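The chains carry the letters A, B, C, D and E, assigned in the order they are written, with residues numbered from 1 in each.
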Amino acid sequence: MKHMDPNFRKDTKTEFPQREELKPRKVTTPDGQVIDIEPLQDYFCQEPPKVHQKSYFKIVEDFYNWCRAESLWILAFGTGCGAIEMRPLMTPRFDAYRYGIQWRATPRQANLLMISGYLSVKTLKRAIRTYEQMQGPKYVVGLGSCTINGGMYWDSYNTIKKLEEYLPVDLYIAGCMPRPEALLAGFMELKKKIKAGNAEGANKYAEKFDWYKANQKAVIKDWDMPDYNW
Amino acid sequence: MMQAIYDRLKDRFQLGALDVRSRKGLAFVDLRREFLRPVLTELRDVEGFTHLILLTAVDWIEDERFQLTYLLNNRQKNLDLGLRLRLDRNLAIGETIHDLWPTAATYQRELREMFGIAFPGSPRVDEEFILEGWTDMPPYRRDFDTLAYSQQTHADREGRETSDPREFMKQILYPKD
Amino acid sequence: MFSFQPDRSQYPAPGPDGKLEIDLETGQYLKLWQGPNHPGMTGNMSVELTVCGDEVVEGKTHVGYLHRGFEKLMERRSFIQCFPIVCRICVPEPDFNEYCYAAAVENLAGIEVPEYANWMRTLILEMGRFNSYMMAIGGMSGALGLGVVGQWLTYVRDIMLDRFEELTGARIYHMFILPGGVRGHLPEGFKDRMEEVLKTAERYLADVDKVMFSNAVYKRRTKGVGYIDPKLFEPYGVTGPNARAGGVAKDVRKDAPYLVYDQLDFEVPTETASDIWARTNVRRRDIDVSIDLIRQILKKFPKGGEVMAEIPNVLHWKIPRGETYIKGESSRGEYGYYLVTDGSGYPRRVNVRGPSYTHAMALLELLIPGTNISDVAALMVSLHTYPPEIER
Amino acid sequence: MSFKDVLSPFTAWKHVLETPVTIKDPLTREAADRYRGFHKNDIELCIGCSSCEAICQNAAIDMVPVKDPKEGDSGLRPQIDYGRCCWCALCVDICMTGSLTMSNEYIWFDEDPDAFRFIPGVDAKSWDSSEKGYRREGGRRLSGTERVEMREMEPDLRIGNFDEIVAGYDRAEAVLEADRCVECGLCVATCPAHMDIPDYIKTIREGDYEHGLELLYNSNPFSEVCGRVCTHNCETACAARHEGDPIAIRWLKRHITDQVPYDRYVDIVGKPDLAKTGQKIAIIGAGPGGLTAAFDLARMGHAVTVYEEKEKPGGMMRYGIPEYRLPYESLDRDIGVIEAMGVKIKCGVRIGKDISMEKLKADNDAVVLAIGLHLGRSTRVPGSESPDVEKAVELLRRITAGEEVPVPKKVVVIGGGNVAMDIARSMARLQKQRHGEVGITVTALESFDHFLADEEEVVESREEGIEILDSRGPQEVITVKSGKNKGKVKGLRTWRVDSIFDEKGRFNPHYDEGDEMVHDGEMVIEAIGQVSDVSLLGEKLTEALEWNRGRVKIDHDGRTSEPWLWAAGDCVKGPDVINAVADGHRVAQSINQVLVAMREAKA
Amino acid sequence: MSIDWPRIGYAALTLFIVINYGMIMTALVRKIGARVSGRYGIRIYQNYIDLVKNIALRSKITHGVMYYLGPVFRLTGGVGLLLFVPTIYGSAMWSNFSFAGDLVLALYFVFFGTLGMALGAAESGHPYSAIGITRGLSQVTVAELPLALAVFAISLQYQTLNITDIVAAQQGGIFNWTLFTNPVATLAALFAFVGTMMRSPFDVVIAPQEIPIGPPTEYHSSYLALMQTNRVLFPIAKTVIYMNLFFGGATNWFEFAIKVFAIYMISVLVGVVHPRFRVEQSITFFLKWGLPVGVLAILLV
C-alpha cells in the first residue's frame, strides 16, 4: 500500500455554485402575469420531520409492532454491489416473501431501506432523499463492510465510511457481500428489534435532525434540495 | 503486419518508434500532436482501424506531461494499435475527435472531469459526468491523494490501533534500549 | 389496421444541429427521471427523459452513482492488492476483471501461466458468462413484466453460484484468478455436480423458450423495437451480442483466442434484425454455447498440475516499465484492461474498458429519442449494461 | 406470430404442481467447504509477524498486543475489522505460519457498527471450531519458501587448506533471496544489536548497496565479520522459517559488504564532523565489544585508545575463529574502518603489566573492560591434566598466531558447541596437510535434537570427514599407563548421557553406564567453555568490584560497581560476536551520557 | 323513503364477508403464482398484516383534498359495485341493493373508481402518477368497450337490465348459463375482464419496471390501506358481475367462493405467463380482437 502524501490538503474553500435553474427567478406567464418561482421550495416540503409518539396503549403498540415486523416492505433501490444478492433473496431459492418481506418500487410505500454496500456521495444524496420520502416508522439496514467502516473503498474519495452519520441505521450485516442467508438472518434480527419496539430510527432522525443534516452537508457539496425534502 | 502498416505511415507522419514489447497484435507508437487527426483518419479509413477501443490518459507528473492513449482496433486483421500523444500538463488542452468516433465524446467528458484535460468543441464536455458537486482538483491526477482526501472528508471509525512488530518487540524484549 | 404511429408533425422541428429545441415551460414536455431507484434500471444509474405524450424526445444517461474511483485506488495498491478489488468493477460478471487484470500483469511481468490454470480460468469465465446471461434474460423478461422467467433464471443462476462457491469459495466476488494462476484445483466430484446444474438449466431454458421466446405478447413488444443500425456499430463502439444481433459475427474468443479457446469447438450465434428481440435471442443462444463450452472444458480438463506460476514475493513485486492492453469477450462485449507500469510496485495507471461504457452512454442516448416511454426499460436491459463498469 | 405463440406460454403452469425449489431453512444452511467466511487464527502457531496486515489492501487488520505471548513471537495478534474486510483471503495466502485460516461461517449482524472487530483465536467465536472453510492449497505461493543455495567449496577441495569456504551470493541470487523477506521485523528485536535487517535487505532488492552499507554500519561496525560468522539469532526468529527456510540474513549482509568497494567504506560510513570533546577513554581489549565501543565513542568526538595484549587486534574474532570461516583480511577491513574513525589501537600492551589499572583510571575519563574469554575450561575428568589434553581456545590461538601445534593422527574433541567444531575442523585441516587424512572424533554432551553448534557446522564437519557423536559424557582421558609412552594420551572413555539437567534446571548429567565407549586418540581437546583472565584487574580492584558467578557484575548499560569502569563483551555476556557488538553500543551510549554530563557540570 | 335497516346490516355483512374472502383469496392466488415460479410465496394471512401495518404508519403526508378523496372514490367504486349487484341469487339477505336497473349502475361504478383515482393521483403531482392515469383511463375505456357491447348483447338477449333477472334466466343447469347460450358475448366480456384486472399483459398502468408504480406512486399509510382494501374488493365485485351475467350466478356462499375463484383465475392464468403490452398495444389489441367480438355478439343476438 502506497503511503499517504502528508502534504495533501483538500480544497475546503471552493463552494459549489448553485445551479442556474434552481435559483429563484421571475417568470412571465403566457397571460402576462409575472410570478416568482423558487424551484427549491416549490416542489418540496420545508417542515422538518417530527418525533412521533407511540400509541398510548402498550398492547396496541405491541400489536402494531408485530405487524410492522411481519410486513417489511423493502425499497427496490440497489445502492451498491449488495443489490445483486437481493434478487436471489426474492426468488425461488430463498423466497423472502414467506417471511413477510416484499418489494416496493416507491419509497412512499416502503418502510425498509437497504443500503446495499458502499454509498458514493452522489448516491448518498439520493439515499437521503429516498429515506426522507419514506413514511415512519422506517428502518435502515446497512449491508456489508462498506457501510460499517468504508470497506474496501476506505481510501476512496467518493464513498462514505460510516453510514450512521448520515442515516439512522437499525442493523448492520457483515459480509462482502452478505449472502442471502445472512440477509435473512439479519431480517429476523430486525424483526425482533421491531417487535421489541426498539427500531425507532425515524424518531431518532427527527430528534437529531440538525446533526444529521450537518454531516450530510459536510460531504455533499451540491446540495440542490431543501433540508427536508419529501 | 503491424510493421507494414507502420512503415506506410512512419515517414509521412513522423511517427515515433513502434513499441511491440507487450503482446502479439498490440503495438504502441508515439505521435505528434499536429498529426493526430490525419493519422486517425488514415488509420480509420484506409488501414481498417475502425474501432476506437478506448481513449484515456496517463499522468506522467514527473515529466510535466499527460499521455493521451488512443487505442484503435482493426477487427479484420485483429490488430490493436495504441497512439500515444504528449500533452503539456500545465496547458492540458486536447483535440476533440468526436466527429471521427461519436463515442469519443464520452471518453473526452471523462478525461475532462477526471484529469482536467479540456477538449474544446466536444459535446457536453463541460457537464458533470460521474462526479457531482466536485470542487477539488481532478481526482485522477497524480498529485491528488485519495487517501488523504478521504481521511480529511470521512473520518475513520475510532478505536483502531496497530503496532509494528519491530518496535513492539523491542519494547517488550529490551524495554531499556 | 390499427397502428398508432406517433405523429411527429406536432413536435417542433429539430434545429440545424439536429437537436430539438426543448422548452419545458411550454408545458408540452415533461421531464422524467428514470432512476436511480427505479426497478426498470439495470442498476444504480438514471436516465433523464424528456417526454412528449408517451414518446421520449430526449434521453440523457446519468452515471456516477456507483463511482468508487477504482482506477485511482489501484494506483496506490500493489499489484497483488489490486487483485481483490478489480472484481468489484463489474458485479454480475466479476471474473472478467480478474482475468483481464491478471493477464495484463502477467503480460508485463513476463509470467507464463500453467496450463491447468488456463483451463480453470476458461471454466470460470464461461460459468460467469452463463450467470451474466441469466441475469440479462431474466432482467429482460422482468422489464416487460414477465416475472416468472426472471424467477426461474435467478434460480438457475443461484445453483450455478453454488458451483462457484464450491470451486472458488465465494458466491459473488470469486477472487479466484490471481496474477500468476488460480487459487485451487477442481474439487472432488465437481464435474458431476456441474452436469446436474447444466441439466437443470437446460430444463428451465426449454421452458423459457416456450414462455418467453415463443410468446405472442413478448414478440409484439420486442420485434422491431430498439433497432440499431449496423452502420453505427463502429462509430459507437458496439461489440459483443449487441453487435452480433446486427449480423456482425465478431467475438474475441474466436478472433483472438485467449486462454484455451482455440482448443474448444464453438460457433458464434448471430441474428440480423438488430432489435431488442434479436439481441435477447443472441444471448439466449449464447447460453447454449456456454453450456456446451463448460461441458467441453470439463471433459478436456487436465488431470492435475500446478495452479500457480512462480511469482516473486508479492509484498514487493515490481514490474518493469511498460504498457499493455488485454481484452476478452465478456457477456456484454469486448472487455479490456489497459495497464501502464512504471517500474515501481504499483500500477501507474489502469484503465478499464467495459462494454457498458459505450453502450449505455452515447449509444443509449442515441437510441432513446423516438421510443415509447414504456420501452425505455426494455431498451436499456436489451443493451445489457452494468452501471458499475461504466463509472468504475 | 402463430397460434402456437399464444398457447405455448401457458405451459409454464405445469410448474404449479411441482414442489418449490426453495430452501426450507436457509438460516442453518452451511456454506461450501472452501467458503471464505470469518477468520480463525491458531493462536499457538501465529507469530504476529504482520504479513497479513501488510498485504491487506483494505487496512482491515491491526496488530494488537495479547496477553502472555509465547517465546519468539512478537506478542501481537491480528485483529480483523469486518467494516473493512472483503474476504479475499490474501491474508490467509500470505500467512507465514499457516495459522490464519477461514471458517465457512458467514452470518454476523449487529446494531452497533463498532462491534464488527475481533481478534481471531483470542476472542471466542462460534466458528472457532469449524473444520471447514478456506485453506490455501499447497504451500505458500505468495512468497518463496526455499532458500537460495549458498555456493561452497567442495569438501575435498577445502579440507586441505584454510581458505574461506563459502563463496557469497552473486547479485541475482541475493535479489532472489532478499525477495523472500516479508519485512516483518521479528528479526530486528531478536538481533542483539537490533540491526535494521528488513531495511538493508530491501536495499539489496533495490540495488542500493551503499545505503545498505550505511544501514549496516549504523548498528554494527563488524558487518564483514558478522556477515560471515554471526550466530544469526535473527534467522531463528525469521517468519519464513515456519513454512520453509529462514531468510539467509547473514549471507545477505555479507553480500552487501561484498558489493561495495572497500575504498568507499569510510566515505559511506561517514566521519562525523564533530568538535573534539577532549575527553579520553581507554578500552581494554580489541575484540568486537571493545572496538564497537571505540567506534561509537570516536564518532562522538572522544579520544579513544584501545589496548590489546596480543599482536593484532580482533580478539576472539581473530584468535578464536578459524580462517576458513573468517578470513583475516575481512577482519582487517572492518578494523580498518574503525581505525579510520580515529581510534588508536595499541597492540602488545598488557594492562596490569605494561600499564596499571590505576594509571588508566587516572589518565582517562572512562575505562572499558572488554577482555573477552581467553582461557579454556577443563572437564577435570581423570587424566585431563595430561599434557596431551589441550584446550580449544588455546589451540586456536596458537594456530592463528602461526605457532607450531602438535598434529597427531587421531584427535578426540570434547564439546558440542561451535568452538568444538572450529577446533575439530582446524585440526582436520592440519591433519590433512600433515598426514593426508582426517581422524577426528567429536563427543558432545547434548543430543542432536538440542545441539549447540549450528546445523551447517555439523553438516560441513561431517562432509570433511569428522565423526560427531552426540550424548556422550566424558569420564576419563585414558593414558598409557606404562612403557615408553607412559603418560601419553591414548583415548577418551565416555558414557551415554540420559539427561543433562535435573528437574530444577541445574547442570547435573545422568549417564547410562552400560553404554560405554572408548574413542581412540593421541590428543584430547576440551572445548567445553571459556573463562576470562581477570588477573589484570589487580587485587584491589577485584575486591572493590561486585561479581556475579565469576563475571564482573554490570547493570543494563554495562556499568560496573565502579563509576569509571564499564565492562562489555564476552567477559560479561558469554561468547558471541553480535552480543559483544550490542554491548559495545550500549557501553558507548552510557559513557557518552556520563561524559556529556561531566562536560556540562564543568561548564 | 324508509330506511331498511336489516338490509343495510346485511349489506355490511356482505361487504365484510367479501373483503375477508378477497384477502384470503388474493393471497392464495399469489401463492399459486409463486408456485409457478417455484417458490412458496407469501403467507396466506399476509394481506391482513400489510393492511394493519399500513394503517399503523405514524407519519403521513397529503397533497390536497383530491389526493385524499382518490382512494375513497376508488373504494366507493368497489363497494358500490358490490352492493348494487346481487351477491347470492335468490337470497333476500345477500341481494343487497340490487334493483331493476342495477346493470347500468354497475357499469358506471366500474368506471367510477378509476375516475376518482385519476383525480386523486393527478393531485399527488408525481409525473409517474400522471402518466399512469392517462394510460389507465385510456386502457380501461377501451377495455370496457367489449364488456359494454357484451352487456348490451345479453340485455338484448334476456330483455332486461336487472341482474337478478339475468341470473334467474340462467338457472336450471349449467347449459343455461350465458357462457353456453351466448358464448360470443361471454368471450367479448372476458376480453374486458382480463383487460381490467390489472394483470399482465394489460398492467402497464401500474408496471413497476416502467413507471413505478403508476397512479398509487404517492400513496401510503391509510390511503394505501384504503386502496389495498379496494384492491381485494373491487376485482371480486367485478368478478361477481361476470359471474352473474355469464356464469349463472351463485346460489350460496360456497358456490360463490368457488365460482369467483375460478373466474378470477382466468386473469391469473393469462397474467402469470405473459409480459405486458404497451398501452397503445393494449388498445390496438382490444380494438382488433375485443371490439369485433363484442359487435359480433350484438349482431348474433
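Just so we're on the same page, contacts are C-beta pairs under 8 Å (C-beta built on N, C-alpha and C of every residue); 3 or more make two chains touch, one makes a residue touch a chain.
Please read these numbers as outputs of a predicted model, since none were measured by experiment.
The set of chains in contact with subunit B as well as subunit E comprises A, C, D. Under the touch definition stated at the top, subunit A and subunit B share these contacting partners: C, D.
In terms of C-beta pairs in contact, the better-connected of the chain pairs D-E and A-E is A-E. Using mean Cα coordinates as chain centres, the one most removed from subunit B is E. Ranking all chains by how far their C-alpha centres lie from the centre of subunit D, first place goes to E. At the centre of the protein atoms shown, by the Cα-centroid criterion, sits C. Averaged C-alpha coordinates put the centre of subunit B at 50 Å from the centre of subunit D.
For the pair subunit C and subunit E, the distance between mean C-alpha positions equals 42 Å. Centre to centre, using the average C-alpha position, subunit C and subunit D are separated by 56 Å. Computed centre separation for the pair subunit B/subunit C is 23 angstrom, with centres defined by C-alpha atoms.
In subunit A, the residues touching two or more other chains are 1, 76, 91-93, 95, 98, 105, 122, 148-150, 152, 154-159, 162, 176, 179.
In subunit B, 131-132, 139, 144, 146-147, 157 are the positions where the chain touches two or more neighbouring chains simultaneously. Among the residues of subunit C, those in touch with two or more other chains are 38-39, 64, 67, 69, 72-73, 75-78, 81, 84-85, 148, 151-152, 155, 173, 211-212, 215, 220. The complete set of chain-chain contacts reads A-B, A-C, A-D, A-E, B-C, B-D, C-D, C-E, D-E. Put simply, subunit D touches subunit C in their complex at residues 1, 4-6, 8-9, 11-12, 15, 21, 31-36, 51, 54-55, 57, 86-90, 93-94, 134, 136-138, 141-144, 179-183, 202, 205. Put simply, subunit D touches subunit A in their complex at residues 20-23, 26-27, 29, 31, 57-60, 81-87, 106-113, 116.
Listing the residues of subunit C that touch subunit D in their complex gives 77-78, 80-85, 148, 155, 162, 165-170, 173, 175, 180, 183-185, 187, 207, 210-212, 214-216, 219-220, 307-308, 311-316. Residues 157, 159-170, 172-174, 176-177 of subunit B touch subunit D in their complex. Of all residues in subunit D, only 9-10, 12-13, 15-18, 20-22 touch subunit E in the complex they form.
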